[in-house]
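Okay, so chain A shows up in both of these, paired with chain B first and chain C after.
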Partner chain A sequence: MTRFITRNGWVLGLLALLALLFVFTKAIQPFYGAGDFGSLARAVLPFAFAVAAQTIVVIAGGIDLSIASMMALTSVTAASMMNGASEEFALLVVPFVLVMGLLLGALNGLLIVVTRVPDIVVTLAMLFVFQGAALLVLEAPGGAAADWLKALITGTVQLPGLPEAITAWVPKALVLLVICLALVWIPLRLSGLDLSLYAIGSNPLAAFRSGVPVARTKILSYALGGLFGAMGGLSLTMSTGIGAPIPGPYLLASVAAVVLGGVALGGGRGGIIGPIVAVIILRLVRTDLTLLAVDPNVTAIIEGTIMVIVVMFGAYIALRGRSS
Partner chain B sequence: MTEPLLEATGVAKTYGAVAALRNASLSVRPGEVHALMGANGAGKSTLVKILTGAIRPNAGRILIRGKEHRVHSPAEARRAGLVSVYQEPALIPDLDVAANLRLTRTPVEPFRQWVRELGVDDLDLRDMARDVPLAVLRILDLARALAIAPDVLLLDEMTAALPANLAEKVLDVVRRQSRAGRSVIFISHRFIEISSLCDRATVLRDGETVGVVDIAPGIEEKIVELMLGAKIEKARAAARRAGKAAKPADARPRLKVRNLSVGNKLHDVSFDLANGEVAGVVALEGQGQDELFAALSGSTPAAEGSIEVDGMPVKFHRPADAIGAGIAYVPGDRAEALLMQQPVRENIALPFSAHWRNWGPIDRRREGERVTRAIERLQIDTRAQREVQRLSGGNQQKVTIARWIAADVRTILCFDPTRGIDVRTKQEIYRLLRELATQGKSILFYTSELEEIQLACDRAIVIFGGRVVDVLPVEIADEAALTRAAYGLPRNAKEDVGILADLPNPPASSS
Partner chain C sequence: MSQGTAAVPQVSLGRRISRFMSDQPLVPLIILLIALVIVLQILRPGIVNERWAANTVKFAIPLAILAGCQTMTMLTGGIDLSVGTVATMGAFIMVTQAAFHDPAVAILIALVPALIIGFVNGVGVGVFRVHPLIMTLGTSLIGMGCLLVYQRSVIATGTKVPEALAWLAIGTTYGFPNALLLFVPIAAFIIFTLNRTGFGRLLYALGDNEKAARLSGVIYWKVIVTLYVLSALLAGIAGLLFIGLIKSPSLSLAEPLVLPSVAAAVIGGTSIFGGRGGYAGTIVGALILQILTTLLTILQMPEGARRILFGLIVLLVTAIYLRIIENR
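== the complex of A and B ==
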């Protein structure tokens, strides 16, 4: 039990922080209710996918600067394909876009492995490539989304046998997020591939000597990052009903949440849950500061301060734990 | 004669124009413990990497059980029954032990059994590899290799980081492997282990296999001879007599090191460094010399022992403390010392301007003069003024030394300063070191090229297994004598005269 707590201390701490934040939110806004929670979940969705993408890449020892552009590109692709098409056609669009994200991510990884140019340079270059491609697909915000797709993230999930008071707190957006993450993460876990990802992030030489195919695993990490990016792009189209070719603020937000979520930027350490909780915290802080009518510029300063303090605190705890 | 289990012939590997291996061969019989030996840079580790698939050879054949094999990765080597335990632990630090086993698909029960047999009783598989002490990590590495019952086990300096009781268990297990008909390739610098454990030895020199010998009493001399080759024949004409640097014993030493211990790599090291002396340090790779220099230059704290500078006891917490006491460190890897994108002058002035007392406009002129003097004195080629990285390696090394001359330190610790430098510049550096010594500066000079001892030093301090095993006056410190001493072999004739007479502890036999 103590081992469980020390192992997952960071995530538990973040969950406690999140709970405190909810209490705080309720205190400053007594009418904060299920509806607000639902809109929080919808707002978090694209951020959460960006964070998932970044997390998997960072754990494997890389970093993906192209994630926001990737989301923009996949989003406009989906929106322009669905423009004027039938509802059924969207059933083909979704897998197409997901495969596209997977391949573009794999391209990132392939370039890094083959050219041996550092991750940060390759993905920075791809940031511009994807950005240009997105503008080629759709010059200005536009396109459309199928109604059933939009419905996937609006409202709540009705569970038989559970009273309305509880189901009202289960927004579809949250359920969709959990399902998507699980669909990628659980097979990874079961196949043991997650160990290879951690291994190449932790110590590539030791991983190579342990028989891990380092290059292939690296490409896999970027491919999965691209897949999550495509999910993020789709979620953007789902929530807005259109596609926007200009990338949103997802890159820096994803790196921030990865750090706050207890993933070592050098790779090898951390999990998927921490960063997801962290991104919810960052969004909720923003909501609270808006509710308190704080200047948006000050909001950014406060967010940065929270990040430094939390990471510093975490490092301090870790140091104390090691020396004792 | 039985068919060899593993046979490598004509293996060659070049990196650009440099040949790491020219014509190496190795033949291992079933049930044999086979030692692989060679001086630093002879190509041992390259051969090991090729055998285990970590790098690909340019030429050569590798037969496993008589069948030609092309191993392209450690994973393939493992499938072919060849498993290696490297010098650095291969466990992933951020995974727990159980996950590390899953990663390599190692069965857990045999692993546990081997760990117990190797003398580690309190292992929790849920411990993070990062939190496991180094010695135990090496045991886990070995147990992980043993657990899949390899036909050929390759141990690279397996016992180096182990305390005696664990090392004993390892040797035991290796013996039992051979009795069970499995082969072990054993790389070690310790003759004692090799003579008690191995059946045969293959000796490499300059990338070539120069001999395969059966291990028998007294074979050490033969092996040393093979490792050195023609060099042993070389006349001792080069021998320099110790200059007037060897001051009378009553002079107060610049640096007095007593019972210095660092981690588990350096034990109980004592020596003096006199004013105006160049003392050579000789050691095989990883015998504790890195730790010794790190402790003296203030980058790692010493666990035990004392350091005195000019009779004053000092404690170094950071390199700035050592510099404050007039001790400068010149690393072999120039990149560790220089700001590569900066010009020569800025690099030389760095320690000068690093001190806040020297900040301000007035000292700019004084600083400039000192730097100019240092550049002239070392004849640094300053045509490529703009960036130090455009200079040749030799000129870069001169810049690092010039910096400390300009800063006027009195003790310089040189760690293999001539690594990768052309012959002419090497000569200049030797001359410079001698010159500095005549001006009363003291220099501690670690070198991996043994011939440098007689070219630049007054005596040689030999470290083996983290202990000072011998101190040779320069007259007898030729390559053969140094090699023997560096492998922990006792000196043939002890001549306890001159500066040897007042040694605190006589040369200890290797343990």
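== the complex of A and C ==
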């Protein structure tokens, strides 16, 4: 038990913080109910996918600056393909876009491995490339989304045998998020590939000498990041019904949540749950500040301050832990 | 001895060229720069003239100063992503304060937030050991929020770009842009600091091997705090110059320069992991990016295609350049 706590201390702390925030939200807004929780889940969805993408790349020792552009590109591709098409056609669009994300992510990884240019520079260059491609697909926000896709994240899941009072608190967006994350993460875990990701993140040379295919694993991490990016892009199209070629604020948010979630930016440490909880916390803080009728401009200051202080605090603890 | 001299001709010409280039990393960059100018002249004969050169230099200077911030921080293995916000803050506060203060006073007021942000960055990175990427992103978020609040308090006052600043940023004397009056001392200062002072050596030392530098008595936080304050100050000055050039203050003024400033430093041969690089290459890198932008503009391609080409060329140049340097 103690081992579990010390191992997952950071995530447990984040969960406690999240619970406290929910209590706080309920206190300042007594009418905060299932509907508001549902809209929080919908708002979190694209952020959570961006964070998942960033997490997997950072764990493997990289960083993906192109994630927001990747989401914009996949989102406009999906939206323009579904524009004027039948509902059934969207069944083809979704796997197409997911494969596209996977391949574009793999391209990121391949370029890093082949050119030996640092990750941060390659993904910076690809940020411009994806952004440009998104503008070529759609010059202005537009396109459409199939109705069944939009329905996929609105409303709640009806579970047989459970009263309405409970199912009202299970928004479809949250279920979709958990399913998508599990579909990628669990096979990774079972196949043992996650160990290779951590290995090349913490020490590429040691990983190479113990027989981990470093280049292939690197490409895999970026490909999975691209897959999550495509999911994020699709979720953007799903929630807005259109595609916008201008990247959203997802790069900053994803890096912040990854660090807050206890993943070391150098790679090799952390998990997927921490960053996801962290991004929900960041969104909930924003909701609370809106509920408190704080000036939206001040909200940015508070968000930034929280981010900086938490990260400083975390770094300080890590420093203490190392020296003692 | 005679054998040694006999061996020289056996080294092929290609090898000798590549060896020469890796010894003189600036040479391939300047060759690329000249090649770009030639391409520009072929595509649009007559475009390369005195006025064009002056304009290119004018627009490259703010980018080059910001890239100087990246060069210095990257030498220690860091990065400063708050330069865009700091430059915007400096510019915006200056033009609003200049409406009811003397320009000199307004400039001094405008540089105060830059110092504060630089100091906070330095403390976060140097004392608390936060990753520079996340620290500078965080402070730029806070700074932008403060600027939004500030904007609302001065919404009625109007703005004014001081004459002297506009003269410095836009004007030319005998065909030379006046901005060089500011930039040449700054560039000389950065190059001198990096190559000839103890502080510059410490930056290289920390980036090359932090542990060794610490063990030999470098006080990490002092160096880092000084570095980030200096970087923010330069970014603030770049912002002042940029507003003189653009003349229309907005809250996203210098933001589009942030990622190109990183690219300019990387193209210029500064390693993002620290310990290797210099400012001379960065200046050429900034010029290359500026000419590249002009080149892509006159090709009259759609905006999307231009961005794709920009990204690919940055990647290509960096990859080739790294190959050349690695030959050493």
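Note that in this section the second predicted complex is superposed on the first by the 314 of 324 C-alpha atoms of A that agree within 3 Å, B and C clash if a C-alpha of one lies under 4 Å from a C-alpha of the other, contacts with A are read in each partner's own complex, and residues count from 1 in each chain.
The rule is short, and it goes like this: a residue touches a chain if its C-beta (ideal position, glycine included) is under 8 Å from a C-beta of that chain, and two chains touch if they have at least 3 such contacts.
What you are looking at is a predicted structure, and each value in this text was computed from that prediction instead of being measured.
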Clash or fit, chain B versus chain C on superposed chain A: clash
Chain touching more of chain A, residue-wise (chain B, chain C): C
Which of chain B and chain C A:V212 touches, first, second, both or neither: first
Touched partner set for A:Y316, first chain B, second chain C, both or neither: second
Chain B versus chain C as contact partner of A:D295, first or second or both or neither: second
Which superposed partner A:M307 touches (first chain B, second chain C, both, neither): second
In the complex, chain B residues that touch chain A: 52, 54, 73-75, 78, 84, 86, 88-95, 99-100, 102-104, 126, 131
Chain A - residues contacting chain B, complex: 3, 192, 195-196, 198-199, 201-203, 205-213, 264, 268-269, 322
Residue ranges of chain C touching chain A (in the complex, touch as defined): 79, 120, 124, 128-131, 133-135, 137-146, 148-149, 152, 259, 262-263, 266, 271-273, 302-312, 314-315, 318-319, 322
Chain C contact footprint on chain A (complex, rising order): 63, 65, 111, 115-118, 120-122, 124-129, 131-137, 139, 245, 252, 255-256, 259, 265-266, 295, 297-305, 307-308, 311-312, 315-316, 318-319
